[in-house]
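Once you scroll down, you'll see the structures, which are given as structure tokens.
Shared between the two complexes below is chain A, which pairs with chain B and chain C, respectively.
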Partner chain A sequence: MKDNDSFNATLAAATCALLGSAVAAPVAAQDAGSDWSFDSALLYYGESDGRVSDFSAAVSALRDLGDERKFSATVTADTLTGASASGAIALDRPQTFTSPSGRAVYTTPAGAVPLDDTFHDARFALNASWTQPLARLYTVSAGVGFSTEYDYTHIGANLSLARDFNKRNTTVNAGVAWSQDDVKPVGGLPIPLSQMLDVDNNSNKLGGSESKDVLDLLLGFTQVLNRTTVLRVNYSYSDSSGYLNDPYKLLSVVDPLTGDTLARVPIGQGPNGVYLFESRPDARTKQSLYAEVKHSFGDPVMYFSYRYMTDDWGIDSHTGEVRLRWPLGEGYIEPQLRYYKQSAADFYRASLVSGSALPRYASADFRLGDFDATTVGIKYGHGTPNGNEWSIRAEYYQQTGSVPSEQIIGNQANRALYPDLSAVIVQFGYRFRP
Partner chain B sequence: MKKIPLCLVLLGLAGCAQVQPWERDVLARPEMSLDNAPLDAAIDDHIYFSKEASSGGRGFGGGGCGCN
Partner chain C sequence: MNASCAATLTRDADHWVGRFVAMASPCEVLIDHAPASVAQQVLDAVAAEAWRIERKFSRYRADSVVHQINISTGAPITVDEECANLLDFAATLTRLSDGAFDITSGVLRKAWTFDGGDGVPSQEQIDALLGAVGWHKVDWRRPVLKLQAGMQIDLGGIGKEYAVDAAASRVEAIAPGLSCLINFGGDVAVRNTRQDGQSWRVGIESCDRAGTPMRIVQLARGALATSGDSRRFVFRGGHRYSHILDARTGWPVRKAPHSITVAADTCTQAGTLTTLAMLQGENAEPLLQASGMQYWLQ
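After this line comes the complex of A and B, so read on.
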């Protein structure tokens, strides 16, 4: 009897608990449904040697409307200043260039890789997205984005559909995104492969703006592998068409024997060498395969990802990233390591050789060259008693590139050809529920 | 022909999932979500998009910036 009583009491308690939770659940859901939560970040990005520096602030607001319906909006503001490599090669004499506006000149000292120090911009971006269930096991997401800079505007939209299978252990999703960007460079659009001219001579520049359309398709697959491991694999296809040049990038035209940039005598103020504006194809197709795994070893969580990208410009890249989140007191510490390696575009040229036929496409933009990059970082996150979290993240980014040996001519072998880049990134974050 | 092994891999992975809804204690932790730090991810994508020739993978290709 005693056992029976105890059993009945347990059963009663369990029934009450179930009923109680059944009654309480919708109330809890409603409470959660009226909640906003925010994620914010302040970022400093600074390259060494006084090159690009960026201050950025971002705030993301998320509203959970219950029944798995979510709205989010992110606002980002950036200010950029500093100098970026123009693509022209270093020389043993000082080099003078006409600034992008066409109204002034800037000079690079002998032996230095030319940097265009007229670079400054402010950027404002707004993104919003909506997610909701469409039917049992189906979820739909839609988003829009807009950003504006002094010489650039972007609008975009995306739509994704996900379906869960296999007791929600498997999710397959498909998405499409489209964007249109308009570029209106300071001082006009240079005619590709036209020569840099003297100050106030804009005969090689076109007025108005050019645009670029990008269509992205994404097919994703997420799989729970076991109680502590989840895997995601994405295939992406991206097609860009339109104006894909960087209107500020140059190529030096060099002597076939010495490898030195041809000298030019400016009329008034202007370049003292022969420099051409770059020319890229007007279409690019990229494909990538991305895989990530998250695994929990008790409290610590490890993240690993790998991406392979290939495009029809001849660029292949490999990216691997690993992070380990380790609980520490009221928070966690998360070391991060990323390695990136890319091959050069087919039309990458460190310089153009005088007397040879001009190629149709040529760019000395170092971002289209052969380089590898390493990021080492650490994040510390700290939970507050009321469930908010602040964090600080510090990273060091280093790029090391090289020019193919067959492109190195004469005296170029004795000079810095590829401007190695290093940058420090510091981010302060705060997540909160008001 | 190339698609067949991929399908088999996907089926194989689907077959290994034995995790029941009541066994999701670990997977339900916020840090186990694949998108637990969307702002960090967006910032990283933006930096790498402006310094490298690759973008996207985790999500759509990024962009919307005159920086590349």
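After this line comes the complex of A and C, so read on.
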């Protein structure tokens, strides 16, 4: 040991003599190539009035294998509880519904928006991806994903290719993604536009499960405009086909004068009104254009993005978002503002009118209605000296929708046909390298 | 060197990249956020320092100090302070390696070519050359050096790392606090941490696939040096002879790691350790462990 000490001391002294007194600060090197890095997040999403709440935990592991080859895998577990709006309208009298399982009934009090409160699910998802250079200036990445929950299974795969141009100031990328989702709801799949029946009557149910296929194509362009500004533009095309209904969504059938739901007398246990299951087209084509500008003002960095989406169901949406990352002490603070607005699908109906011809497609799902939503949020991130980072993010979401006036009949004018929704989101993240 | 006396500066996403050739190696300077004029000044200073050291200490150049010494045929030569410092440093390394490292061992290259072929010299050839090898045969009384006739010195083993540190000092003098990464053929130094707190990423070349980094080291500050035989070796009778010669025997070190990378405060320190560890052959790792420095073996 003494030998080692004198060896080291002699070497240090000799170096110092050679280089003079202006010797550099101590080395700070870290092996990056063979290390894993991890990104973990806990997220809580809670809607107002005790509607849906979701608690999710995710861990991503990234392995940088050097040579610009990267492998990553993400595991996510989710638990969803609560109730979501079924699509049936509120009435001045209590309403009874058969639960999706077809085994029981539940009652919505007079004046309340009917919620399907048997909602409880756990989801587990696994995603993996691989990225590597293909040739000089080309990067290829491929991924697979799988998720499962009680009544739903998803599998997907994607492939993308990027090429750098112009001294790597321009990147063009193209990608393709495919997924297949199988839905197998509790109590079977309802026949579209069939009436909700009494408990244990399954004559309105289709067999086992249905599936949908989604094909996405993406074309992207990233341009470094100058040292402080980067522009990204993406165009995407998405084609869904197969079973696109939500098997739990209903429409109330109403009287053409009063606008109240027609009464029905159950034989045993069952609904006390006439409710039909929704019917959506079996194909949907979406196109979207996304632009993002990232600009740094020295240390602060500003992000601005806008997305326009249009589909052949008649939904057009606009999303604008601005974020500003401001350095603060050892970390940063990032306020965020997002605004979203969409028009209703052509077949969106607050209710169906008794005596009128039944449309081929109809849905009262609020997510297909006309609404706008504002999200305000703030994030604080803090870097530790060894390069790890923790962060906390809080957001408040407020959604306001409306039903077209020509769809409002009689007594419906006195009731909230499109209930407002608000939600809070809290996320804690920790990124570390073991 | 005249033709390659051109340094080019280009802008990458958040830094500048300066490139030039010196000491028969591709050289690179990465400069963190800085105005173009400062980046150009930094590159010019780094390239000037590299070329100055090359001109002064290259044994191939007729106007170099080393060449003057090598053609002195036994006459005393008075050297300047910088050269004296390098000779003192080399003498210390010889002492620390019990004679395995020796700046007079360059003549052995007449027998060893290390071109990846199978040319292994005979013991007679080596013995003949060993007569002109050995620092103990040299009369060094700072600042006067007297070699025996037929002896030569070669500062190639320490010159490049020294040049990296010297260039880093030049940058610190003209742009204090600026973060830049200086890389002379794989010997690297970083003086200051980057503005955004991120590290410079340095790839260590894989032995099996030259040109592709086998691992990435994040260097916030300090230096890295690599010694290896990825390109220079002799292959004969199933043995791979590394280009590291033991000055005492005239033979390459056997069973040395293919490559050693060390992180240290200065490039000179890092480079010295890689060289001394290589000379230990299969005992390279214990020496590296005892040094307390961070190291990577291949």
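In this section, the second predicted complex is superposed on the first by the 403 of 434 C-alpha atoms of A that agree within 3 Å, B and C clash if a C-alpha of one lies under 4 Å from a C-alpha of the other, contacts with A are read in each partner's own complex, and residues count from 1 in each chain.
The working rule: a residue touches a chain if its C-beta (ideal position, glycine included) is under 8 Å from a C-beta of that chain, and two chains touch if they have at least 3 such contacts.
Since this is a predicted model, take the numbers as computed values, not measurements.
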Chain B versus chain C as contact partner of A:S53, first or second or both or neither: neither
Greater chain A contact set [chain C / chain B]: B
Chain B versus chain C as contact partner of A:S422, first or second or both or neither: neither
Chain B versus chain C as contact partner of A:K167, first or second or both or neither: both
Touching partner for A:N411 - first (chain B), second (chain C), both, neither: neither
Touched partner set for A:V301, first chain B, second chain C, both or neither: first
Which of chain B and chain C A:D151 touches, first, second, both or neither: first
Chain B versus chain C as contact partner of A:V224, first or second or both or neither: both
Partner chain(s) touched by A:G383 [first = chain B, second = chain C, both, neither]: second
Shared contact residues on chain A - chain B and chain C: 167-168, 224, 227
Contact set on chain B toward chain A in their complex: 10, 13-14, 16-21, 23-27, 29, 31-32, 34, 38-40, 42-43, 47-48, 51-61, 63-68
Chain C - residues contacting chain A, complex: 10-14, 85-86, 88-89, 92-93, 95-96, 162, 165-166, 168-169, 172, 189, 191, 193, 197, 199, 201, 203-204, 212-224, 263-266, 268-269, 272-273, 290-292, 294, 296
Residues of chain A that touch chain C when the two form their complex: 4, 7-8, 10-12, 14-15, 17-20, 22-34, 64, 66-67, 167-168, 224, 227, 383, 387
Residues of chain A defined as touching chain B within the complex: 39-41, 43, 45, 56, 58, 60, 74, 76, 80, 121, 123, 125, 145, 147, 149, 151-152, 154, 156, 158, 165-170, 175, 177, 179, 181, 183, 214, 216, 218, 221-228, 230-232, 234, 236, 238, 246, 286, 288-290, 292, 294, 296, 301, 305, 307, 309, 311, 313, 315, 317, 319, 325, 332, 340, 342, 345, 367-368, 373, 379, 393, 397, 399, 421, 425, 427, 429
